[in-house]
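Look at the two complexes coming up: chain A is in both, with chain B in one and chain C in the other.
Let's look at the complex of A and B:
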């Protein structure tokens, strides 16, 4: 399955994931402390430089990942133009775009395996209740079954269309959930037969 | 133990699958993502604890960079967008929805609808609205007006969560773990 990690290698790819995540946390806290649009724009420069430094393909990818933000920017723009507090609106919009772009930058430059390693380290104190092996197995199972269940939902919808001129719509939901439940029972039996989930 | 683990993992995958499949027209021509419905179902079908864990696992997968949110969104960036409060509220919503189904003796249809209203709307909005207020620098009142945009879709999902839970209870009584 596709991940959001960029195939374009940047120097950021070589930094340890933990360092990037800590830097992101500090940076986001800083963004929320700043109030003036000028200061926010200045704080956003390093992120912009890093994105632009990755080349055109990398920057286009980063731009696409910001697209879901537009409805919120529109709401903020309309709201603040109507209330006459345009400068505040600019600050809110800038903070939003920069914070999301910075977080996306970390996602784009960190491999899935490195992220999973961080999760395992963070979950280490939970070992008595949640053995790391069990967590790793749950993550792997979920990732493996996303395409399986997507395919199943598509099949159920196609089977419905073969029998009815109307769209399947919500009627796929119950069979899809049943498919997930049945798969879960079978995988559980398969795991038990192979010595359990550890 | 294996059963718990596989049910959690498979329902995590189901939430993702419901977001990936495009264009589920839930009601006449209104394209609504079935994703938050998946969250409600985790609670009403798997029960409080397993449901919350399935949703939590889903959020972990999104955070580590898998594009599993509807529209192919994912990564750490989504936790800096205005609806972040709703994401944080998802596991709690599933837990409360599951708790209602577990602790009431209503028929599955009504129990699941009550659970979905209390968990999937009441509890979820209690997280989502303050989140939106902080991210957009608005007052709680102003943020709740904005959140009303989600309400019609969520009301439809409540009804569907009831019917789907009832259908599962009828087809596989043993699989309705919230009532087992």
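Let's look at the complex of A and C:
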């Protein structure tokens, strides 16, 4: 299970999911309208305040969730320093960090089932092509199998290391993809055994 | 909680008439004819003997290439809706069976498939958890459950659909002894017809009838006392020679 929702209760937890998602969409659009690094930093202040307002544990969790961004920031920095457009690079970096921090803030303060309910409501016009039940099933399956797949990758990496002095790294990707397909087939069978996706 | 529906009288049980299954060109089940009506049935065989194919055939997950399969008079491969009320499967690996991120969603899914509303199904799931003394599990992420707890969740998910027959695929493989004992006790108390598929004679020694499958054929059929000694002797003979060199295909 993705333990993304923070157990630390903040006032934001009590806002309806739809309101938070709409605010996030508007806020992100605003970030893309701003070009100057100073203006972006200023626009980021409310997000920082809200994160800090959640207390030390909450803020530390929010900080950890930004860690996966560093390779992107590195690429942006290298590229813009090389092309001599440092200010522009700074703006892109700030925009990226603030937008992701704001999105994480919504994730951390919204129950998953509430989030799925909003998505189902938004997808209602698509009903003839994509019945809401099917969409809900797809979302649930995705959430269910993220930890299962990451466990699979860990197992394959361990099997690699058991017979190799070197770390497996990217080499686990091909066997992990094949294992995922194999798992998918088994899950499809289990789904069919209980009445299928319909 | 209502009891499982009684089997339909005239064509009750699972009936295979000369059912043949080919996979990738080779025959996996050869013209199999069986009529299963006992309350506790064991199907034994080596790895690759065709017993898993037989399970999938009875469950309607595959259709026979020729011949006929009926579960209480229902064609399991085509009439899926009717079959869901007659037959459930417990897969060997709970991680291949659990479809949902939380316990209550997993339990409610089968009821929704049978036509109940979502809210009603979730309420039934919580009620069942409360009956089993596990009310606090409702919103727990399934990934936090132990292996034994996952097996229990899979079993209850199937039981909530109230099938008359449950297929058990290697139900004790890889489980520690306390978990095996708990599961065996849970199975013994069930009113359903249970069909246990295993390579392990110990898993089926309490059955009313044991069927031994080898190379896609029935080579033994009768009470466990008549079938299992010869099965075990044959397994020991095969195990004594280094014969495991043939490749499939």
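Rule of thumb we're sticking to: the second predicted complex is superposed on the first by the 124 of 198 C-alpha atoms of A that agree within 3 Å, B and C clash if a C-alpha of one lies under 4 Å from a C-alpha of the other, contacts with A are read in each partner's own complex, and residues count from 1 in each chain.
Rule of thumb we're sticking to: a contact is a pair of C-beta atoms (placed from the backbone, for glycine too) under 8 Å apart; a residue touches a chain by one contact, two chains touch by 3 or more.
If you're wondering where the values come from, they're calculated on a predicted model, not measured in any experiment.
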Quiz item: With the two structures laid over each other on chain A, which partner does A:148 touch: chain B (first), chain C (second), both, or neither?
Solution: both
Self-check item: Partner chain(s) touched by A:183 [first = chain B, second = chain C, both, neither]
Solution: both
Quiz item: Touching A:191, do we find chain B (first), chain C (second), both, or neither?
Solution: both
Quiz item: So, A:170: does it touch chain B (first), chain C (second), both, or neither?
Solution: first
Quiz item: Of the partners chain B and chain C, which touch A:75 in the superposed model: first, second, both, neither?
Solution: first
Quiz prompt | Superposed model, chain A: greater residue contact from chain B or chain C | solution = B
Quiz item: Can A:10 be said to touch chain B (first), chain C (second), both, or neither?
Solution: neither
Quiz item: Can you list the residues of chain A that meet both chain B and chain C?
Solution: 1, 3, 112, 137, 141, 143-144, 148, 183, 187, 189, 191-192, 196
Quiz item: Inside the complex, what are the residues of chain C that reach chain A?
Solution: 56, 59, 61, 80-81, 84, 88-89, 91, 93, 95-102, 105, 109-110, 113-114, 141-144, 157-158, 161
Exercise. Spell out the part of chain A that touches chain C in their complex, as residue ranges.
Key: 1, 3, 112, 137, 140-141, 143-144, 147-148, 183, 186-187, 189-196
Quiz item: Contact residues on chain B for chain A in the complex?
Solution: 1-3, 5-14, 16-18, 20-21, 24-27, 34, 37, 41, 45, 57-58, 60-61, 63-68, 71, 73-82, 135-138, 146, 160, 163-164, 167-168, 171-172, 175
Exercise. Mind listing the chain A positions that touch chain B in their complex?
Key: 1-5, 24, 28, 65-66, 68-69, 72, 75-76, 79, 88, 91-92, 96, 99-104, 106-108, 110, 112, 115-116, 118-119, 134, 137-139, 141-146, 148-150, 152-154, 157, 167, 169-170, 172-174, 176-178, 180-185, 187-189, 191-192, 196-197
